[in-house]
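Each of the two complexes below includes chain A, the first together with chain B, the second together with chain C.
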Partner chain A sequence: MNKKLNYSYYPGCSLHASASEYDLSTRELFKTLNIGLTEVPDWFCCGATPAHNVDELLSLSLCAKNLELADKVEGDLAVACAACFSRLKFTQHTLEENMTKRKQVEKAIDAPLKLDGKVKHLLDILARDLGLERLAAAVKKPLSGLKVACYYGCLLTRPPDVPNLDCAEAPTIMEQVVEAAGAETVAWTHRLECCGANFTLSRPGVVIQLTNAILESAKDAGADCIMVGCPLCHGNLDIRQKEIEGVYKADYNLPVFYLTQLVGLSVGLGADKLGLDAMIVNPLPLLKEKGLL
Partner chain B sequence: MKKKKMIISQETMDIDFVRKVEALADTSVRRCFQCGKCSAGCPMATFMEHPPNRVVRLLQLGQWRRVLEGRSIWYCASCETCSTRCPNKVHLASIMDALRKLSWDAHGPSKEGYVQLANKLFLQNIRTYGRQYEMRLAAVFNVKSGQFLKDLMLGPKLIAKGKLKMFHSKNKNLPEIEKIFTRIAEIRAKGEAL
Partner chain C sequence: MSRIGVFICHCGENISRTVDVERVAAEIGRHPGVAFSTDYKYMCSDPGQTLLKKAIQEQRLTHVVVAACSPRMHEKTFRKAVEVAGLNPFLCEMANIREHCSWVHEDREEATVKAIDIVGMMVERVKKNRVLAAITVPVTKRSLVIGGGIAGIQAALDIADCGHEVILVEREPSIGGHMAQLSETFPTLDCSQCIMTPKMVDVANHPKIKLYTYSEIELVEGYIGNFQVTIKKKARSVDEDKCTGCGVCMTKCPQKKIPNRFDQNIGMRSAIYVPFPQAVPNTPVIDRDNCTWFKSGKCGVCQKVCGPGAVDFEQQDRLVVEAVGAIVVATGFDLYSINEKPKGSAIKGYGEFGHGKIPDVIDGMTFERLASASGPTGGKILRPSDGKEPKQIVFIQCVGSRAREKGISYCSKVCCMYTAKHTMLYHHKVHDGQAYVFFMDARTPGKSYDEFWRRSIEEEEAVYIRGMVSRLYQKGDKIVVMGSDIAVGVQVEIEADMVVLATAIQPQKGADTLAQKLGISYDKYNFYSEAHAKLRPVECATAGIYLAGACQGPKDIPETVSQASAAAAKVMTLFSKDKLEREPVVARVREAGCVGCFACKKVCAYGAVEEKEIRDRQGNLVKIVAYVNPGVCAGCGTCQATCPSKCVELDGYTDEQIVAMIEAL
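Presenting the complex of A and B:
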């Protein structure tokens, strides 16, 4: 009998707001898989892209303090958002290698650094800690016939020496997880291309252009839907999809699922526990057509 | 910009600036040999007046003012493709961070006010609330940038879907966050931080 897995949990700001369905489906999926998840009390924003864009010391300090908070909760740190994951890993990496920056961050947070804790993205937990075999064994309703385009975006795998989740240029971890859930995956060109991420506020025109190329590539490859592990990618692909269809006179109609929603569906969770009603591009017709709901 | 005559002499080659960037970014500017893989893979290169490889070349030639005055650094999306593909391990994404910081500190001459405003509001939100609240961020951004109608149609849809929270809880670590901001300001004032 395997020991029960337990993690501390850093949801990140988006999961408490625009990506609430990612939070809900993560908690429900982990409960079903009997994996413990304890939210870090009063965690705060990691600073995301804006902080490191203009003030790296601030970014490193915010992350270092969050790592210290997480250290007080039992278990490795489970992170859902690709951006938080990237920043926390980058902080550990930088502060272990660069003593000048390390000293400055120690002064800024006025506490000893806790850098040894393992930071893991949900994909890592599902594919490696739980393991694909056990994941496949938990599947009750295989996602047969569903063609999924797995979208990694930027921050899950890059730069090569930091997140250590998978190969930076040819990762397969998302495909492995969703195939274990019984789905088919498609080969497509834009799975690692940037969606424009946080320019969604300041330069939406840029986001629309970049995201259109991603949707077009997924559609051309014959995908029924897209799977993501990042709330920023999700926001751009899902929330802006209608607008993009209007600008480019295209008809994509590609539901954008979080990985926990698709895996959750395969282990028998219902629509209400996966937050499917929060998705802007309605996934219900597709799921009904495939006999998955 | 492109047509402005460039004079290169020993006086214009500002190695101190390059050293500052290298210390901040923890990578080498001088190691770049202009293969162009960074620009080939850059999703934002089409929006920049100086694509990434040229930014590095301009730095090597001491022409950093051209870089800080332009929009290239503010159009970098931090996707890290350049750093991933560089055969010389020049961490270009970190160089972009360092350049933005130097421009930011100097109340940058860049014209990319919207990007800077978004960053500023994002950081203010952390200091005031501890976390991001997208609705507040978007609303304040639209007011301050004078684009009252931007994405107006998205708002009601997102509220109906429960994606924009109207209220939020108080974070117990707010005093701690405030201390981080003030301590960083103090360290900087003393000249002990990069």
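Presenting the complex of A and C:
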């Protein structure tokens, strides 16, 4: 008999705002899979992309304090957002190697640092801690016939020595997870290209160009939809999709799912528990066509 | 009663700047047993040595201590001088007051006191030195060369031309190595096969060369001048003596679709095959994994059509033992296969380049086979995927090499030049095509090398882009190359028809296993280590074993040939004498106390410890003790430190001497 898995949970700011459906579907999925998830009390922003560009010490200290808070909750730390995951991992990596910075950070957060707590992305928990076999066993409604383009973006696997989630340049963990849920995956070229990230506000032209290349590649490969693990990528691919179709005179119509939404669907969760109504590109026609709703 | 002479060297100012040499000489003069002490500006100079010799004779000295530099530097010099003056050379020792004292200290007073201590210790040690005689070992004047590429071929021919027998062992069915695979060679663009195959024929015809192809080294025993090498001759399934090389078996073999490794798997061969038409020996071999007879017991066509009856399905692997005096290791290189991360290796793959997945992303050696007149396309540059001629071709340098974050930090040395050559060959064959090269630096030191590289740009119209490539992906029948041009600071995308990767050079697979059999050292990449990077570049630290070619590090053909000839010259130096003199600083076993536990045998890195039977006069076995073969012992002292009953002692470093040195402090 396998012991029940328990995690502390760091949702991050996006999951309380623009990516609330990622938060909802994560909690519902984990409940269904009987995995314990306890939100870190009093957690706050990891600093995301801006902090480390402005002040490295600030960025490290924000994450270090969150890690310290997480340490008080039982279990490894589960993280959904790719950017939060990256920053927390980066902080551990940097402070393990650099004693000077570590001392500065300890002074800033006024607490001694323990860096041995494990930070895990949801993918890691599903594919390795729970395991693909147990995940597949929990599937009630296999996503048969659904062709999924798994999009990693920049941060889930890179830089090579930091997140250690999978091979940096040829990862397969997303494909493994969604295939365990019964879906088909497509081989496509832009799995690891940058979507333009938060330039979406300051240089939308750049983002439109980069995101278009990703959508085009997924469509060319025959995908029905895209699966992501990052709220910012999601924003660019989903929210900007209509605009991009207009600029490039293209017709993509690719719903962009969070990984927990697709896996949640396969374990029998309904549309209301997955926040499908929050998606801009409407997934319902596709899911109905495939007989998944 | 010993009369010890102590000579303190100033080493110009190297020692005297920090050490008060006159005071050292005066104080050591009062040390018990010291009959004479003096100091001099350069002890190693001719007047310095004369001073030493004169003092030995005039003062009737029994032992000598020279306090100067490291014994690695001048021990031989002073021992020779002592011998000329009539003393046994092993009664002379050096006290190192330069590297161990003056160079590493600043305070003159402290350094002087330390120098006196060091010299005092050596005086106590030399008192207990024994008279030793040089050890002589016989030399077997035959040589083993491992590897039949250009390095091994050159070394074998040079040694054999001097009249010494050579055993040449090659793992593949034919000699020739990688050079036989190349099309043209830089910087002169002469055809590789045209310059290589005559040398291969010379090897086959040389009366002094015994060739073992399709064979591997199984076991190496012995020591310099006296190695016993066991060679495994793998079953060829064809009798070499009967086969005439007519080739009928190959034309009749029904299995014809087996990828030929010699052609980088883009050409096909039969199950009974020679790797290429110019193979030496021109005797086919049966690839048992792919032969219908060996898989199902049916077929046997080759045996039926063979006129001389040379095909022998029953043939077994055979072990042959050869006695040799010297070994040249010339096992060469392999190209880094980048498509995936090798298991358990620190070297990471290049998943982003799709090598192995995108058919028209090939490595440099595959391009050589495409460009070679004897290659699978007859010398036409054609895409492996659809046989079309690529009109846009991209070359990427430094794939694997100089990429610390990917696990290989070294430069593979030949890629800049061969990529320049590839752009030329491409331009000569595809007139309307365009070649692009992504590069970090162009490294072209070598005679006529830079001119050659310039020519590829200025006359052959290759476009060089300084920057690296982040990703390759297939788009329709094109390969999109995403790179950067750091000179302009922009991102570049090229839609190419074919991409050629200049992948890193690595030692042959199994290089580490062979090194362990030979007892030679290798670095973390498995390249073999030379004894001294500058002054002994072709010798291994293990006596009697020499290195040639890319097994030691990436090298081009001219450099490989030079090193092979140098290794051959070293072998000939060894063979110039009938007996070999060795320094007698070796371990000796006190047999009376030895209990035969053989702890010493387990720790000996050189395999010098043997088992010796002690018998009484009636011939009854009394006990078995350890015996150190003085021909093999390297004098490292590990056995001495290990022996639980303190019965192994290294001459010059006995426990008694070490205790005496400590007591002198």
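We adopt the following convention: the second predicted complex is superposed on the first by the 293 of 293 C-alpha atoms of A that agree within 3 Å, B and C clash if a C-alpha of one lies under 4 Å from a C-alpha of the other, contacts with A are read in each partner's own complex, and residues count from 1 in each chain.
Methods note: a contact is a pair of C-beta atoms (placed from the backbone, for glycine too) under 8 Å apart; a residue touches a chain by one contact, two chains touch by 3 or more.
Just so we're clear, the structure is a prediction, and the values are computed from it rather than from any experiment.
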Which holds for A:H121: it touches chain B only (first), chain C only (second), both, or neither? neither
* Asked: After superposition on the shared chain, which partner residues are touched by A:C154: those of chain B (first), chain C (second), both, or neither?
  -> first
Chain A contact check, chain B vs chain C, more residues touched by chain B
Touch check for A:K219: first (chain B), second (chain C), both, or neither? neither
* Is A:R87 touching the first partner chain B, the second partner chain C, both, or neither of them? -> neither
Looking at A:D110 after the superposition, I want to know if it touches chain B, chain C, both of them or none. Which is it: first, second, both, neither? first
**Prompt:** Thinking of the overlay built on chain A, is A:T189 touched by chain B (first), by chain C (second), by both, or by neither?
**Reply:** second
**Asked** In the superposed arrangement, does A:E169 touch chain B (first), chain C (second), both or neither?
**Response** both
Q. If you stack the two complexes on chain A, which partner ends up touching A:R27: first (chain B), second (chain C), both, or neither?
A. neither
Both partners, chain B and chain C, contact chain A at residues 160, 168-169, 192-193
Interface with chain B, chain A side, in the complex: residues 13-14, 16-20, 41-45, 47-58, 61-62, 65, 69, 94, 97-98, 100-101, 104, 107-110, 154-155, 158-160, 168-169, 192-194, 196-199, 201-204, 206, 210, 239, 243, 277-280
Within the complex, chain A is touched by chain B residues 23-24, 26, 43-44, 47, 75, 77-81, 83-85, 91, 93, 97-98, 100-101, 104, 114-119, 122-123, 125-126, 130-135, 137-138, 141, 150-151, 154, 157-158, 161-165, 171-173, 176-177, 179-181, 183-184, 187, 192-194
Contacts from chain C onto chain A in the complex sit at residues 340-341, 348-352, 405, 471, 473-475, 480
The answer for chain A against chain C in the complex is residues 160-161, 167-170, 189-190, 192-193, 220
